[in-house]
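Taking it in order: structure first as structure tokens, then the write-up.
A, B, C, D, E and F label the chains in the order they appear, each numbered from 1.
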Amino acid sequence: MNWSKYSAPLAFYPLAGKMIPWFSAVAALAIAVGLYIGLLVAPTDFQQGDSYRIIFVHVPAAWMSMFLYVVMAIWAGVGMGLNARLSFMMAQAIAPTGAMFTFLALLTGAMWGKPTWGAWWVWDARLTSELILLFQYAGVMLLRTSIDDLRRADRASGVLALVGVVNIPIIYFSVKWWNTLHQGASVSMTAAPKMATIMLTAMLLMTFGFWMYSIAVILSRVRCVILERESQPAWGNPSAAPEVAEAR
Amino acid sequence: MYWGSVSEFLAMGGYGLYVWTSFIATALGITWEVLALWRRRAAALADSRGIVRSIE
Amino acid sequence: MNRPSLWEALRGVVRRDLLLAMRRRSDVVMSVFFLVIVASLFPLGVGPEPAVLRTIGAGVLWVAALLACLLSLGRVFTADYLDGVLEQMVLIAQPLPVLVVGKVFAHWIVSGLPVVLLSPLLGLQFGLDGEALGVLVLSLLLGTPTLSMIGAIGAALVLGVRGSGLLVALLVLPLYVPVLIFGAGAVTSSMAGIGGEANLSLLGACLVLSLFFSPWATAAALRIALE
Amino acid sequence: MNRPSLWEALRGVVRRDLLLAMRRRSDVVMSVFFLVIVASLFPLGVGPEPAVLRTIGAGVLWVAALLACLLSLGRVFTADYLDGVLEQMVLIAQPLPVLVVGKVFAHWIVSGLPVVLLSPLLGLQFGLDGEALGVLVLSLLLGTPTLSMIGAIGAALVLGVRGSGLLVALLVLPLYVPVLIFGAGAVTSSMAGIGGEANLSLLGACLVLSLFFSPWATAAALRIALE
Amino acid sequence: MLQTVALSCLRGDRRLFSDLNITVQPGTLLAVVGENGSGKTSLLRMLTSLLSPEEGAILWQGQDIREQREQYCAQLTYIGHLNGIKDDLTAMENLSLSASLVGDHCDGPAAHAALEAVGLRRQAHQLPTKVLSQGQKRRVALARLWLSARTLWLLDEPFTSLDTAATGLVTEQLHAHLKRGGIAVVVTHQEVGLPSGLVQRLRMNG
Amino acid sequence: MLQTVALSCLRGDRRLFSDLNITVQPGTLLAVVGENGSGKTSLLRMLTSLLSPEEGAILWQGQDIREQREQYCAQLTYIGHLNGIKDDLTAMENLSLSASLVGDHCDGPAAHAALEAVGLRRQAHQLPTKVLSQGQKRRVALARLWLSARTLWLLDEPFTSLDTAATGLVTEQLHAHLKRGGIAVVVTHQEVGLPSGLVQRLRMNG
């Protein structure tokens, strides 16, 4: 398997280094064009006025927050199944970015809620479950930092991440299961099809940009993690290991 | 181009506060993350004892 | 070869934990006491308006039950971990998940069941009527074992971690949310005349799901903690 | 003769506990998160009606603060008891009550203060207005140290008194009730336009009283536990 | 027969030992000695399967223990640093509950006999173990050896806190076990008072 | 000078000892020996003032310790069964914090010196003590003896889990303490390797 060559952290490190610039560039481009269309080209929404433009950061951030959690859990699962350290490192690297997007979704949502609903916050299902998602990220990260032993920390937070996946569908479908404010507010999207196309383009571009950005950031964070872990003597390059054993 | 003037653009039809807070917060979040990563990388490189040179 | 039957091992675990609980009878009283205090605080804090109390009653009782379960979770594995009984348990020649089920069951008997039994009384205080009370008890009967099963995962994950009381709350509460929504929802919808069946069956589904997955996750977490 | 001054000893205790907390920076974060989680459970159980939430907001936040305190306080002495640090502390050539004050103070800094600081934000989520928010913060500022002081007695008693944890529950939880009533009452009465001063001054009285008595009671309980 | 094959152990960032190959035949006691922190406890926990090896494998009757975890567990008795007894239960209850849990035979008289064999006075049998002295608690934990008919005994510093009388009793029981063809691995800082033909020593060089 | 006068001890419904009269002069080590459960730890805890005597009194420099608790505490160092160290702190932090708490002088170099004196390798100084081995933890606890200039040392089974090297180091430190005119009371199941002129033995007969 060619893949297995890169499953060793130290082999993956340079590969990741080569990929980062590309993803960063694509991300910058997509976000720039998305912003241009979203802020400068797209017309005002006839119901909500210009406050709807928050959608161009809100929805991508909200989507990323959920996707990243699932991706994190998958990496953790692979790590547990194959006993692969790199997988755990990926999971570790994803969590902060996911948490940040969750936070941004909450914040931009609140910014949108004030003009639209007249309140910064309502205890509606979608909002609440997004808040819960933030706690899940926090839990995974806190559990990891609370355990000193790296191997134990990896596995314990992996178990937690996997268990937490059950909540993702609940967040996603909460709008259907529980009659909410959130759903009703977004009807204007379908009201004017022509405008929706432009909006959709901008939104998808932004989402794509956020995706690429996440990949770039996660790759460079995983490089940091690799450095931090591999620079400890015994983990390090395998040829040094027997030396450590003999030296004592 | 949809907007007539810069001030109109900034006002966002009266929703400027909300819209710009959202966008700026997002921008800040991203910059903060990138900066934090940069610092972390510098720190990691500082005590990596030249592992990087050996593999890159 | 000395290998206890699966059933014997399970019974052994439950028996020991119940015996221990009887030795420390205060544990049982504690969760009941807590429930009563949280539930009776609300009329004090919110004011005696019956209409308001009736609206919030189901929700408050469910949250109180959930917190009572959470508070007692710390006891499931910690003591065993500290005095070395847990490592002995892991070394029993039986599948660990089965033993976990035994421990969680004993925990539920001690701290979940009393809550269920006490709930109608507290429901009365909030002005719930006959049918709503029935649904409340039923929802708690289905829900509290789920809470214990889910909580066990968290309790196992935080073994050996400082400040674990709050950490376990943080880890477990997000997972409790669906149970809470369905449980409180069952009561409120029955009070609204819609009937709580839909929510109750969702609760049942949660129970089955957690019975199925939680023992494995907990067992994995325990092995990790003992490394 | 090596005897640290009273002040040095006090500072030493506080410093050690804060250092321990810093070692696990998550401790601080955790009580904040816990508060947020518990506060968000109630709307989930009760339903999203803003009017109802506004009414119960103060009560909910106060219960959440109390629980955060209760959960973390149980462990103030337990760890020290189990690893033998407590017996070393009792043997310091300084009055034990003073050292107890140091421990409780450190604990409050780590888990009470963040709760106070966060409360306005949560109050906003429940739709409390400006003045009510101010009273809420003030009441928590007066109330949480009281909770910590009272809780310390319970935490110390739990270490020692055999098989009568029931006694502890009976002792501590009822003592919490007045604090809760005054605390939540201050906010609700200020929301009702009556002004919360009366309740706040009662809270202040509770604080003074607990500062006065709790260190002695706690110290006595600790000595009993170590016999 | 218990074997380790190219076993190596990593704790945190320290390699405690590597490429460890030992074979313990039936009827032999492996005494693991070495200075503090040299990895004796870690090795013992690997032998119990609680700790998984960094590299290498542990074989029981020629087969990797990870592939036969339950059968393997059914044949071992492990007593660690921690006593594994419940403070709130009496010595009797502790013994009979833990025996019934692992499937050893243990009724009232058998438990009494075991506790007396390990030198606990009758009046201590019915006290909650939390009031017992350090050495008495250790004795309660060790009493399990008198109930265990298992082949493999793994003991971590069994003689800690014991007085000389109790040390003698435990040593005798170990002797009987070996004569039955059992295997024992004992971590200790003291000499084990057994005929040297029965004892194989492993010195860990931290 | 440490004296007990007609001391008696009751635990639960058992009288462990009664009418115990001993006098320990400066420069002497009192070795308390006896079988498990005979009341050695109970006696030691009475000497620390943690446990109050059933009858009789303990005199320090001729005065009852209950009447001078704080002055008395300022002159003793007690190390019990439990190590009294925090798992989450490093050995260094543990040492300097506990020293500063009791008012002993302890800066960085002094702590390092103490840890090295007790035989802990330098790389272990900065690890959280929870990852240390049993014996290494005990060493961290005992390192306090190298920082203590107090007159009275009360040690409960100090040599538990220690290897022979460490046992030797601690014994030497005890010797130095006695030569400075200090007093030590040591509960132990082993012989203390000191000149017999310095050692006074107390055998407890459970």
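The rule we apply is simple: contacts are C-beta pairs under 8 Å (C-beta built on N, C-alpha and C of every residue); 3 or more make two chains touch, one makes a residue touch a chain.
In this text the structure is predicted, and so the values were computed from the model without any measurement.
Novice: Using direct touches as single steps, what is the fewest number of steps from chain B over to chain C?
Specialist: Tracing touching chains, the least step count from chain B to chain C comes to 2.
Novice: Which chain's C-alpha centroid is most distant from that of chain A?
Specialist: F
Novice: For which pair of chains is the number of C-beta contacts greatest?
Specialist: Top-ranked chain pair by contact count is C-D.
Novice: Do chain C and chain D, two copies of one chain sequence, contact each other through the same residue numbers, with over half in common, or through different ones?
Specialist: Mostly the same residues form this interface, as more than half of the numbers used are common to both chains.
Novice: Round to the nearest whole Å and give the separation of the Cα centres of chain C and chain D.
Specialist: 25
Novice: So the centre of each chain is just the mean of its C-alpha atoms; given that, what is the distance between chain B and chain D in Å?
Specialist: 39
Novice: Between chain A and chain E, what is the separation of their C-alpha centroids in Å?
Specialist: That gives a centre separation of 48 Å.
Novice: Using mean CA coordinates as chain centres, what's the gap between chain A and chain D in Å?
Specialist: Centres of chain A and chain D (C-alpha means) sit 36 Å apart.
Novice: Where in chain D do residues touch two or more other chains at once?
Specialist: As it turns out, chain D has residues touching two or more other chains at 20, 24, 26, 30, 33, 37, 44, 47, 79, 82.
Novice: Among the residues of chain E, pick out those that touch two or more other chains and give their numbers.
Specialist: 12, 81
Novice: Of all the residues in chain A, which ones touch at least 2 other chains?
Specialist: Where chain A meets two or more other chains at a single residue, that happens at 128, 132, 135, 138, 142, 146, 149.
Novice: Within their complex, state which residues of chain B touch chain A.
Specialist: Where chain B meets chain A, its residues are 1-3, 9, 12-15, 18-19, 21-23, 25-26, 29-30, 33-34, 37, 40-41, 44-45, 47-49, 51-52, 54-56.
Novice: Quick check: in the complex, which residue numbers of chain A touch chain D?
Specialist: Spelled out, the residues of chain A in touch with chain D are 119-124, 128, 131-132, 135, 138, 142, 145-146, 181.
Novice: Per the contact definition, I'd like the list of chain F residues that touch chain E in the complex.
Specialist: It comes out as residues 11-12, 14, 34-38, 40-41, 81, 119, 121, 124, 127, 131-136, 138-139, 157, 160-166, 189.
Novice: Considering only the defined contacts, which chain D positions touch chain C in the complex?
Specialist: 20, 24, 26-27, 30-31, 33-34, 37-38, 41-42, 44-47, 49, 52, 55-56, 58-59, 62-63, 67-68, 70-72, 74-75, 79, 82, 111, 163-170, 173, 176-177, 180-181, 184-185, 188
Novice: Applying the document's contact rule, which stretches of chain F touch chain A when the two form their complex?
Specialist: 128, 130-131
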